[in-house]
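One chain, subunit A, appears in both complexes that follow, with subunit B as partner in the first and subunit C in the second.
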Partner chain A sequence: MQIISKGLKFTYNKKTEFKRQALNGVDLTINEGDFFGIIGQTGSGKSTFIEHLNGLIPVESGELTIGEFDLSVSAQKPKKAYKERLKLLRRKVGMVFQYPEYQLFAETVFEDVAFGIKNFFPEIEGEQLALKVKNALELVGLNYYEVKDKSPFELSGGQKRRVAIAGVLVLEPEVLVLDEPVAGLDPVGKRNLMELLHSLHGTVLKTIVIVSHDMDEVSENCNRVAVFSDGVAVKVDTIENIFADVDFLVKHGLELPLTAKIKEDLKAVGVDIITDYKIDNLIEKIYKNYKG
Partner chain B sequence: MLSDITFGQYYPASSFVHKMDARIKLLLLIAYIVLVFVVKNFYGFLVVYGVLLFLTLLAKVPITSLIKSASAVVFIIIFTFILNIFFYKTNNPTYLFWIITKEALEFSTFMALRLLALVFFSMLLNLTTTPVALTDGIESLLKPLKVIKFPVHELALVMSIALRFIPILMSEADRIIMAQKARGADFESGNLLKRAKAMLPVLIPLLISSFRRAEELGDAMDSRCYSSSSKRTKFRKLKAGWRDLVAVIFTAIIFTAVILLNNYVGGLV
Partner chain C sequence: MEVISVKDVTFKYEGAELPVINNLSLSVSRGEYLCVLGENGSGKSTLARLINGLLTPNSGRVAVYGFDTKDKDKQFEVRKRVGMVFQNPDNQMVATMVEDDIAFGPENLGVPSKEIGERIDFALKSTNMENFRFSQGQKLSGGQKQRVAIAGVLAIMPEVLILDESTSMLDAKGRKEVLDVVKELNDKGMTVITITHYMDEAVNASRVVVLSKGEIVKDGKPSEIFKDSNELVSYGLELPRSTYIANKLIKKGLPLKEGILTAEELSEELCKLFQKG
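Moving on, here comes the complex of A and B:
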């Protein structure tokens, strides 16, 4: 599903004295198959934008289409049909919020993971349901038999997050949107989670969108990036082009990823290394350069 | 969205009312609440609502936010109105139709007007006073109770924490609602029972996170050696000034006017 946003605008607390323009005309396209990164300073509208992607915030002005789903204002009527379409859309666009572990509620891990299935596919029951839950839990690296009957609140922080993500993956979405997915995880947890996303990418799950302020995470994983600033996507481009323009990043209050910093430093002493921004590739190139 | 609700919402502005001492505002609120029940005829209510309008304009708060706050209590007002109509008894009633008497109708209307004015006055205080100033004011007013070992400071602390956490929990609820909606939760259809049940996936995480927050806040306070028994000074000192004097005099005049109206025009109830 291709995601196309044109002139998307949104104001919080409209009509009150607390109003705040969060999106100020966002133009961007996320292609099917992208591992898309959204970066920008706090308050730049990243989270507000992704909340539009499965209709959690109704489009206020501008156009937004997600695959065959048109979410623009003109398509929001009749209301009943729009709601039905939203339901279909939400099956296909999974949303993992920041600190998803805080949304856990059920008595057992099984129940929590099965929540989405029960809402969207009430006809799936019994063994079929158990199989789906088992698959989802195993995807995120948890032992189904060990955790299924536990209370989600007994688990460790990292495990809780996995359960929460399993609760979204169980629906087998085509698009997965994650808001700061690795925030608060230790380095190993980060790496595992990103590896999980890569292993899923290209299966049923076609498109991944992550919001992050960790440049290393973005440079390491994404192929295309949008830079948000003051509610506008000021630049949408490939990783290579985004991180090559240092002045632009600094102007928008963003840091360089570690790999880019190393490249810059090496350049300053006369060693020009041509590679992408993935850490392994950089190390390999530096090693080769050193030997050669 | 939940955060749209104006509840205990401070409206930042620079006005006469905003600059008043929170203690005086609290005392005057009590005075106005008494006044609302002293009023005996429609002229009195005219004065009361005139004062309300004047204060709203003076405070530079939008009238809409005041009216919006009333929507929360509309149910209670209608409920008492209906109950009063049927259950108010007088000695020699004038029947209008069926069992509805003129007296009951008047009494119910007055009661509704009183409740509404009460809400408006309290809301005006809420809109023009920061929660911190409010709790400081309450603490200061309750100070005499310390003599009988009443934990005034602790009470004020509990209140200010509660007030502070309302917007935090609201935005958290918003986020959890979104997360569950994304997983197909439906909060809008079905009967009342079904809807109440649908709220469970929101309420449980919210409850758990408030415990978590309470614990974190407790730890943070402990780690900074917070203790309520130590004598502490205030960063913002409450100070009554000329504005407060003017306000007190103004209120006294209004009070007198209403009592005079009661005596000369007479009470309808």
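Moving on, here comes the complex of A and C:
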């Protein structure tokens, strides 16, 4: 499913004195198969944009299509049909919010993961339900028999987050959208979770979209990136092109990933290293350059 | 001067099998910039809550400026000296408007209203939130809310500032702004205790303590802490990225100096190396 946004606009509290234009005409395309990164300063519209991707925020102005789903204003009527399509869309586009573990609520891990299924497919129950929950928990690297009867609150931070992700994966989405997926995890937990996402990407998930403020994380994991600034996607490009344009990033209040910083500093002393900004590849390139 | 004394402290949450803090002792001196590292569940946040008296030990003693946190009569003395900013900004908003939210702390302490105004100015300025003084807190983004939370604590003018992963939701620029503020406050004498998962934040501290299973397993300067990567990984941590790159290159035979912690040091070393060659 390709995601195409054209001129997408959104204003919070439109009719009040607190109104704030969060999106100001977003043009961008996310291709099927992308591990897509959305970056930008706090308040640049990143979260507001992704909340459009499963219809959580209805399109107010502009066009938005997710595969065959048209979410644009013109397609929101008749209301009943639109709601039916939204329901289908929400299965296809899974959404994991910031600190999703704060949204765990059920008494057991099983109940938490099963919640989505019960909501969307009340007819699925018993063994069939258990099988789906088991699959989802195994996808996120948790042992079904060990965790299913536990309270989510007994688990570690990293495990809780995995349970929250399993609760989305259980609906077998094609696209997974995650807002700051590794925030608050310890370094090893971060690495493990990103590895998990990569293992899901291209197998059970076609497309992954992450919102992140960690440039190192984005340069390490994504293939394409959109830079948001004041509610607009000011640049949509490959990792290589995004991080090669230092002035542009600085202008939009973003830092360089460490790999880009080092590449720039070396360039200043006449050493030009061609890199994709992945840390291990940079090490290799520096080594070769030194040797050769 | 010792401002915080944690002595042989054990703490167990009700109903839990094992203690989260296990016979732990720690002394923090005035003006220190202490960074507490440790994997999720190692007891970092519990330790912070023990220090500001939100939790009290099952055994052992925690004292803040000499006041025992178990002494109910002295709770006020403890709380006004230790300001704490938490992880989740959504749980810290008490008022609808940013200005009122920041005023809440000093109002409770009975600060005269003129001074409250000055403190709000200072707190907003320090956190770069001047433009949001009259905004509705709920409408702010996660990062902005967190800056309001920090401002709210700054308005209490505490002696010790504890940041419990308070920068984890900020973008790089916002993080830097907050860390600069914290650094500035520390330079002016405020004792800072920061709990973080960002190894590059630990690099800026004067002292790093690593927790594992409720015990202190390492205590020293950042350069000492980040020497042994295998040991760190066993505690759920890792090297700062610059140290990781430097170590790998050294292993491959590049003559870089030992103990590189920051991007600047790494860059400088690499540039020197290539200019020579």
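As a convention for this text, the second predicted complex is superposed on the first by the 291 of 292 C-alpha atoms of A that agree within 3 Å, B and C clash if a C-alpha of one lies under 4 Å from a C-alpha of the other, contacts with A are read in each partner's own complex, and residues count from 1 in each chain.
Heads up, the rule we're going with is that a residue touches a chain if its C-beta (ideal position, glycine included) is under 8 Å from a C-beta of that chain, and two chains touch if they have at least 3 such contacts.
Since the structure is predicted, the reported quantities are computational estimates derived from the model, not experimental observations.
Peer 1: After the overlay on subunit A, what do you see for subunit B versus subunit C, clash or fit?
Peer 2: Taken together on subunit A, subunit C would clash with subunit B, as the superposition shows.
Peer 1: Give one of first, second, both or neither to describe whether A:168 is in contact with subunit B, with subunit C, with both, or with none.
Peer 2: In the superposed model, A:168 contacts subunit B only, not subunit C.
Peer 1: Applying the touch criterion given at the start, work out whether A:290 contacts subunit B, subunit C, both or neither, answering first, second, both or neither.
Peer 2: In the superposition, A:290 touches subunit C alone.
Peer 1: On the superposed three-chain arrangement, identify whether subunit B or subunit C touches more subunit A residues.
Peer 2: C
Peer 1: Regarding the shared-chain residue A:187, is it in contact with subunit B (first), subunit C (second), both, or neither?
Peer 2: So A:187 only meets subunit C here.
Peer 1: Give one of first, second, both or neither to describe whether A:13 is in contact with subunit B, with subunit C, with both, or with none.
Peer 2: both
Peer 1: Quick one: classify A:215 as touching subunit B (first), subunit C (second), both or neither.
Peer 2: second
Peer 1: For A:54, select first, second, both or neither according to whether it touches subunit B, subunit C, the two together, or no partner.
Peer 2: After superposing on A, A:54 lies in contact with subunit B but is clear of subunit C.
Peer 1: I'd like to know which partner A:90 touches here: subunit B for first, subunit C for second, both or neither.
Peer 2: A:90: touches subunit B, not subunit C.
Peer 1: Using the superposition on chain A described above, determine whether A:102 touches subunit B (first), subunit C (second), both, or neither.
Peer 2: Once the two structures are laid over each other on A, A:102 reaches both partners.
Peer 1: Have a look at where A:282 lands relative to subunit B and subunit C in the superposition and call it first, second, both or neither.
Peer 2: A:282: touches subunit C, not subunit B.
Peer 1: In the combined picture, which part of subunit C sits where subunit B already is, 76-84, 238-246 or 256-264?
Peer 2: So the stretch of subunit C that bumps into subunit B is 76-84.
Peer 1: Let me check the overlay on chain A: which residues of subunit A are in contact with subunit B and also with subunit C?
Peer 2: On subunit A, the residues that contact subunit B in one structure and subunit C in the other are 13, 98, 102.
Peer 1: For subunit C, which residues count as touching subunit A in their complex?
Peer 2: 38-41, 87-88, 135-136, 139-144, 165, 168-176, 197, 199, 233, 236-238, 241-242, 244-245, 248-249, 252, 254, 263, 266-267, 270-271, 273-275, 277
Peer 1: Mind pulling up the subunit A residues that touch subunit C in the complex?
Peer 2: Going through subunit A, the ones touching subunit C are 12-13, 18, 20, 40-43, 47, 98-99, 102, 156-158, 180, 183-191, 213-216, 253-255, 258, 261-262, 265-266, 268-271, 279, 282-283, 286-287, 289-290.
Peer 1: Where on subunit A does subunit B make contact in their complex?
Peer 2: 13, 16-17, 51, 54, 56, 87, 90-91, 94-95, 97-98, 100, 102-106, 115-116, 119-120, 153, 167-168, 171
Peer 1: Within their complex, state which residues of subunit B touch subunit A.
Peer 2: Contacts found on subunit B: 3-4, 11, 62, 65, 172, 175-176, 178-186, 200-202, 204-205, 208-209.
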